[in-house]
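Below are two complexes that have chain A in common, paired first with chain B and then with chain C.
Up next is the complex of A and B:
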């Protein structure tokens, strides 16, 4: 076994272990902050896996989008909304767990089926494009994938405008949940009066 | 294309002369450029710290460090030694793991980004195809480290500083990336070597700063904001936040932040000089000098001369920018957080978008000047 292949094998093992253990940690850990940071670690290792597959542009885009934007925003939101609040016990937790487990198992079986049926080996592994992939991705985005690309960007724009509408109270005159007129003065002010007569 | 000096090839040939296989020679070669870059980065930081102390002293009509070595040149080393031997403190109520991981996450991406900084045609660690995009991607990891250390310190000033740092670097990353994109559009390549080669046609006249003046200014402002240098040093604003996310840090962990911020400053200056000021190019093309001296461009003497001039020019340009950054730090007041975000989102972002569009239009109209 040559040194390059050994290095690749070691990197692959370490990255896969980090992905699996990190993903389990994201789901199972009690502390939401740890989960968020571990999620960043998982995204980074996935980028590492892309790098091992010679897809350096995809790897860098993964780091930029998922680690630099998505994960930072998740952590940011967690830290801004740092409420110490006891969660209410959910009623029929057992049946919910059964349903979610079965859904996850179905998805897993789908993935396993894809893994088994797909032909993974390249017809000519020496012909992998490597660094040229950046150009190739650009060509595809501006030719046969132009419509999906544009539709996705319109979708993102809609999501952004929606978020702005929800965050800015002066756009809507009524509170959605209570139906009370919204106080336009202070954003921090709660929509219900703080001192209600609780007789 | 000229390749000039190929140190790796000569090194491998040299080791093969001792009967080593090419794989072992390659493994022996690998740590050398990494070590070289680490040493270069640390020496660069020492020089910058000394410059910062001296220039700030001159700006305030003081003398500055004077007794440690001639003109106080040993002062930064003394600073570093002090930080090395200080006690490493983790506050009792802090989160130990995140508290330790934070500074590492801040420093490592910055050092990794040196991978793509070229000092000459072959004088860089790796001419990766995604080049400058790698730097943009890596610099987006930093806010996670800042948020992590801000949260783990269990201190309200630290948390506020971390949040501010993350908000700042997210909002300034976009105009930064857009102004880099305009350069990439002109070069038809993301590689830093190609970006410099594209500017090497006519010496100082072909530098990108003449074709991208708006991009240059936007990039420089955003780079300063990403480095948290003074007009934009809100995350550690002393009067409001003690020291921001660094408040609870001491000893070597603090030194990691310190090193990270200075390495980032030098890296930004190097990248400005690569993207806009012709990188390793001499104001007069070296080919002209070689022709004037009647020497072929491949002559060993010219090769060594070109390489050394390349390193000197890159470092000179970078340190000129570092000097401007230091001068800015000691002469400008700090902006408020709302002014900072207004500047980023309402001024720099539209301007860099317009710059990108205009560059694309000019490229179509004048392909010979703006890259075909």
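Up next is the complex of A and C:
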């Protein structure tokens, strides 16, 4: 990348701070809507990190797919299922929090130790293809990665059909397993849950 | 450490922190939508890792960027199917509380 090294450092620091603080907000904030919008900010900052790594095509794909599709999908899901409900208190929540936090911190220290102590065989920056990366990705996708590329298209078709089948309303008048008439009303109207609660 | 460019380790540490935050959210969220968001965070951490290695270690062939494209594809499919499962789960149980999805518990 041709911008000055100081600018790169400033950009990297700001972007990584936004990524880390935004991710903490996503998992810690009380309101799920704030979490969803912060998640969009995290995705945008990750796209900025990709730009610092000379990958303009992947940065554009990140913005299009994650911010434009996945985040919007998550916001729609929040709108569809956002019902105020009082969560039942869990009695051993304290010990759960302690155990999971210690597991995460241990994993983090392990990963950081590996990152810092391992000797990475860095390649010569002179060989870098830099701005040509989009061309190189196209060459890869249509030569040595052609089969995964085609399989990915089949996977996307399967995911699309699967999502439609799973998310649509039942159109049969009777439930296959129980024989009861299927509720065709809106979700928001009160209806008997099909599966009974275990406790 | 020479100051000619950002060290590879900086990117790796950011992605490690993002991954651990994602795991913490996955283990501690009560809301099923937040669990899906945590999974997306973890996938992004892996993507940062792949991109950093592709840029610093394999900067001529950049196979890591191709892998990132595939990971983004699979993540999009996963988000669509996951949210569809969530919607049909919500239709059956009328809740998104992870603690109430215990039908397979033994």
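Please note the rule applied: the second predicted complex is superposed on the first by the 128 of 199 C-alpha atoms of A that agree within 3 Å, B and C clash if a C-alpha of one lies under 4 Å from a C-alpha of the other, contacts with A are read in each partner's own complex, and residues count from 1 in each chain.
Methods note: contacts are C-beta pairs under 8 Å (C-beta built on N, C-alpha and C of every residue); 3 or more make two chains touch, one makes a residue touch a chain.
Treat the numbers as computed from the prediction; the structure is a model and nothing was measured.
Student: Just chain B (first), just chain C (second), both, or neither: which does A:57 touch?
Tutor: Both: A:57 reaches chain B and chain C.
Student: Between chain B and chain C, whom does A:98 touch in the aligned arrangement: first, second, both, or neither?
Tutor: After superposing on A, A:98 lies clear of both chain B and chain C.
Student: By residue count, which of the two partners contacts chain A more extensively, chain B or chain C?
Tutor: After superposing on chain A, more of chain A is contacted by C.
Student: Now for A:154: first (chain B), second (chain C), both, or neither, which partner does it touch?
Tutor: In the superposition, A:154 touches no partner, neither chain B nor chain C.
Student: Answer with first, second, both or neither: which of chain B and chain C does A:68 touch in the superposed model?
Tutor: Touch partner of A:68: chain B, not chain C.
Student: Does the superposition put A:80 against chain B (first), chain C (second), both, or neither?
Tutor: both
Student: For A:14, select first, second, both or neither according to whether it touches chain B, chain C, the two together, or no partner.
Tutor: Once the two structures are laid over each other on A, A:14 reaches no partner at all.
Student: So, A:131: does it touch chain B (first), chain C (second), both, or neither?
Tutor: So A:131 only meets chain B here.
Student: Show which residues of chain A both chain B and chain C reach, each in its own complex.
Tutor: 57, 61, 69, 73, 76, 80.
Student: If we count contacts the way the header does, which residues on chain A are in touch with chain B in the complex?
Tutor: Residues 2-4, 33, 37, 40, 44, 56-57, 60-61, 63-64, 67-69, 71-73, 75-76, 79-80, 130-132, 134 of chain A touch chain B in their complex.
Student: Tell me, which parts of chain B touch chain A in their complex?
Tutor: 23, 26-27, 98, 128-130, 133-134, 136-138, 140-141, 143-144, 147-148, 150-151, 159, 162-163, 166-167, 170, 173, 190
Student: In the complex of these two chains, what residues of chain A are touching chain C?
Tutor: Against chain C, chain A makes touches at 5, 8-9, 12, 16, 19-20, 23-24, 26-27, 32, 35-36, 39, 42-43, 46, 49-50, 52-55, 57-58, 61-62, 65-66, 69-70, 73-74, 76-78, 80-81, 83, 85, 87-88, 90, 96-97, 100-101, 103-105, 107-108, 111-112, 115-116, 120-123, 125, 127-129, 133, 136-137, 140-141, 145, 148, 152, 155-156, 158-160, 162-164, 166-167, 187, 191, 193-195, 197-199.
Student: Contact residues on chain C for chain A in the complex?
Tutor: Per the touch definition, chain C meets chain A at residues 3-6, 8-14, 16-25, 27-34, 36-38, 40-41, 44, 47-48, 51-52, 54-63, 65-66, 68-70, 72-81, 83-88, 90-97, 99-100, 102-103, 105.
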